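Before anything else, here is the set of structures, which you'll find just below.
Next come two complexes built around subunit A: one with subunit B, the other with subunit C.
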Partner chain A sequence: MTKRFWNEYQKEIAEDHFFYERSCIRQTFFPGSETAFLRMMREELHKDIRDEENQHTCTGIGYHSDFVPLETTMTVVARLFSLMTEAGYKNYVPSCVTSFGIFTEMVEMWKHNPALLEQTRENLRKATGREFEIPENLVHPSDIIYKFREELKKNMKYQLVNRFTGRPLRVVEHVGCHYAKIFPEKGIGKSEFPHVLAGMIESWGGEVVDYPERRHCCGFGFRHYLLQENRGYSVANSKKKFESMEPYEPDFIVANCPGCAMFMDKWQYTIAEMENKTYDRDGYGIPVLTYEEMAGLLLGYDPWELGLQIHQVQSEKLMDKIGIKYDPDAKYRGANGKILPKPEKPRFLKQ
Partner chain B sequence: MINFGYSISTTRVVNLDNCDFDKLHQLEALVPSFKRCMNCGACTATCSAQQFTSFNIRKIKSLYQQAQYDKLSKELEKCMLCGKCTLVCPRGLNLRPIIMNMRKILNTK
Partner chain C sequence: MGNLYDLLSQDHRFAEALKACMNCGICTAICPAAEFFDYDPRRICDTVQRKDENAIEELMRSETIWSCGQCMSCKARCPRGNAPGEIILILRKYAQELGYYNEHIREQQQRMAATQGRNILEIGYCIHPDRVLPEQHPEQGPIWEWYTSHIADVAPKLGANYHGEGPGALREIHEKNLAEIRKIYEVTGGMALHKKLTEEL
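The block that comes next holds the complex of A and B.
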């Protein structure tokens, strides 16, 4: 039997009672994903999860770009933990992979340097008069979906199967660097065999594409894209991945990091504009989904409520393959029922 | 085309599967000590030519090993064949014949 190395590295994921922290950029680029996750937790898995209204940034982008000093980040993280403590929760779930990395890093620093923890407590007390406890369980939402993937499967209406051919869909999975590359033992399967997304794909009927640049960075990298002049380096990273996955003809890409999903989606448009090149056969691009969107689609959630129309590469072809029903007229209908203006069509990327 | 304010950076990765290593094997046959190099850079550190030009023996050796011959001819002209590099090499590479034979193989003077 093949030895599955990732089996040796498991992490503890709490059963219930989670405190959810939303992400800055995910709410902009994947507006339906977080709502879908909360819906899955409450309606499908019947878990208690708190969506706190007073939350704020974790400083992640500023921290990794050297704009925000470490002490500030620690105090901001401490304030977020104080919200959890005040609400009576002990299991912290940050939506963003970068936030997950930040929290893990701060907790690890406090563990090794108690004086720093005391200083942070003092800073928070002076700034806000609040107290905080370190979470007993700190996990990413993709860990929770991974843990309960078989329970979710029972409620799913669709599978990751091409209904025309009956074959499993070929899925490229991309795990965010800050999920397991900073602290490998904090990820399911560690950094070398991250199984968090592959496990979902395999359980839900798909086939994971193992291509040469599978673990290559997506190109997000904070500093690489903050300055416009540097973005060529960022696109080059994504391009390298696309070129590597192209011969395997993936049906879609799934990511658990906001940056990865965003750039692998948007850079396909940029590369198409610059070089008139797409990485699928028909010129539509490879759809990029978040793991919540993938799960939501299979559970039968409305694709437009999941926010798939906000993506650069459109997902209708993929939904047709799976057999998901959708209303094309409702694609740009706002929450108030009004039809919103349609976005301008790209020149080369078909839609 | 839309002006994005940047262009896609070209990769500097060398795909060894697409390289022609005939010239490398030719050199290794003529000067077998070439294989012993461990890239320490002592040759470059002591080189008189590198004091005044961009000449870098270590870089030349790496480019030759990766079959990146295009820019080498011009670089090899800068060597004065003084032999100081041979004196300091901890692996005993015979560097003057290496440079001379590289020139011959690449058809430079």
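The block that comes next holds the complex of A and C.
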């Protein structure tokens, strides 16, 4: 019998009453995914989740790029926790995987160093007059979707199955590095066998592709992407993953980290422009979805409200395979139905 | 110059980042930066652990410490529980404080402070679609040009509250929140570092 390594460790995920924290990268590139997560929580799962207007960045990108000091990030995190405390919540849910890593690291440092916690409390008090409590439960939204994947399945209109062949779709899952590599015990299945996305794929009818570079970083690299001249590092790491997954002919990629989902989409365009190379058979690229986009599609949410039209690799062929109904004419319309000009087509990547 | 090893070990992260490296090299084998740059996390651990002041100073002045991409794959795999990527954060912190970085690295740090660093203080987020300009991001492709050109029409369709009041993605961050962020920066050294980097421009 196959040994299920992921099953050796499960984390505690609260049942209800969550404080949601939005992300720099997600609201920039995937605002529809944040919207879909809140919709699933409220309309499908009937959970209480607060979307706080006074929140802000965790500064994680600046921390890992060395232009924001540890003490500053730590106190900004404390302010975010004070908003949670003020609103009467104890379960903190940061939308971003970098933020999840930052919050976990700060809480762990406070646990090991109570004097540092006191110093942070003092810094926050001095700067803002605020007080804060450490969350009782700190989880990533993908943990929550994982936990309630069977409940969501009951409401799903579609499955991850190719309707032409009847076979499960082959899905590459990419778990963001800071989900479990910094603190393995904080991730479902730890860092070597994370099951957070694989569990969703399997429950919803798909088949997980186990390819050699499955755990390799997407190549964000913080300063390496922010600095234009260093982006070769970023694209090279994604390329390594694409080359490794190509022989398995995945139907799509799903990620739980905003940077990873964006890079693996946009670097396919870049590589196509540079080398006229795509990693699927037909030249369209491999669609890259967030886990909310994957769940939202199966629940029958409008793909253009999820935001699939603002990906560079298009998803119509994937939706056709699943049998998802969509309105092609609505793709490039604004919120009020306003007809917008169509985007320019890439030179090589078919749309 | 005082004792660099002692300086590094004062950092709150140091005790967890470097326990006892046995030079096995697993970190280097898994490291994406080691594959791409002349960078070797095993040697970083070894150099710091040996407490050779000259070698540590040479390391802090080198460009190699700026090669790490902070994925922390090294942390997950180290059989001794070390975190070379965390050691890098400490080395970079003191390299910046002591002015050990060269002109090239200094200019790069300045550029990030003047863009994403400034974004935090001005709009409350590191990045925002208004500030990811297509001409500076050709890798984002024509779809990014399209989205940012029509964002006022498209963002509401995605449920975003673009420059609106109240909660939601891409909302306007109220001045009272920005003021508290800036005050935190002043109390904790963030503003001093930001000013040092941006005033050097």
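Keep in mind that, in the parts below, the second predicted complex is superposed on the first by the 351 of 351 C-alpha atoms of A that agree within 3 Å, B and C clash if a C-alpha of one lies under 4 Å from a C-alpha of the other, contacts with A are read in each partner's own complex, and residues count from 1 in each chain.
Convention: a contact is a pair of C-beta atoms (placed from the backbone, for glycine too) under 8 Å apart; a residue touches a chain by one contact, two chains touch by 3 or more.
On a predicted model such as this, the values are computed, not experimentally measured, just so you know.
J.: Just checking: does A:54 make contact with subunit B only, subunit C only, both, or neither of them? Give me first, second, both or neither.
T.: A:54: touches subunit C, not subunit B.
J.: Among the partners subunit B and subunit C, which is in contact with a greater number of residues of subunit A?
T.: C
J.: Just to be sure I read the superposition right, which of the two partners does A:17 touch: subunit B = first, subunit C = second, or both, or neither?
T.: neither
J.: Check whether A:270 is in contact with subunit B, with subunit C, with both or with neither, and answer first, second, both or neither.
T.: A:270: touches subunit B and subunit C.
J.: Quick check for you: in the superposed arrangement, does A:236 touch first (subunit B), second (subunit C), both or neither?
T.: In the superposition, A:236 contacts both subunit B and subunit C.
J.: One more residue to check, A:228. First (subunit B), second (subunit C), both or neither?
T.: In the superposition, A:228 touches subunit B and subunit C alike.
J.: Going by the contact definition given at the top, which residues of subunit A touch subunit B in one complex and subunit C in the other?
T.: 228, 231-233, 235-236, 240, 270
J.: Considering the complex alone, what residue numbers of subunit B touch subunit A?
T.: 1-2, 4-11
J.: Using the touch rule from the top, collect the residues of subunit C that touch subunit A in their complex.
T.: 11-13, 16, 32-33, 35-37, 66, 69-73, 75-76, 83, 89, 92-93, 96, 108-109, 111-113, 115-117, 120, 124-129, 132, 136, 138-147, 150, 153-160, 165-171, 173-174, 176-178, 180-181, 183-190, 193-194, 197
J.: For the complex, give me every residue of subunit A touching subunit B.
T.: Interface residues on subunit A, with respect to subunit B: 228-233, 235-236, 239-240, 270-271, 273-275.
J.: Sort out for me which residues of subunit A touch subunit C in the complex.
T.: Residues in contact with subunit C: 22, 24-29, 31-32, 34-36, 39, 51-57, 59-62, 64-72, 74-76, 79, 101, 109, 112-113, 116, 123-124, 126-128, 130, 177-178, 180-182, 184, 191-192, 215-217, 219-224, 226-228, 231-233, 235-237, 240, 266-267, 269-270, 304-307, 309-312, 333-336, 338, 340-346.
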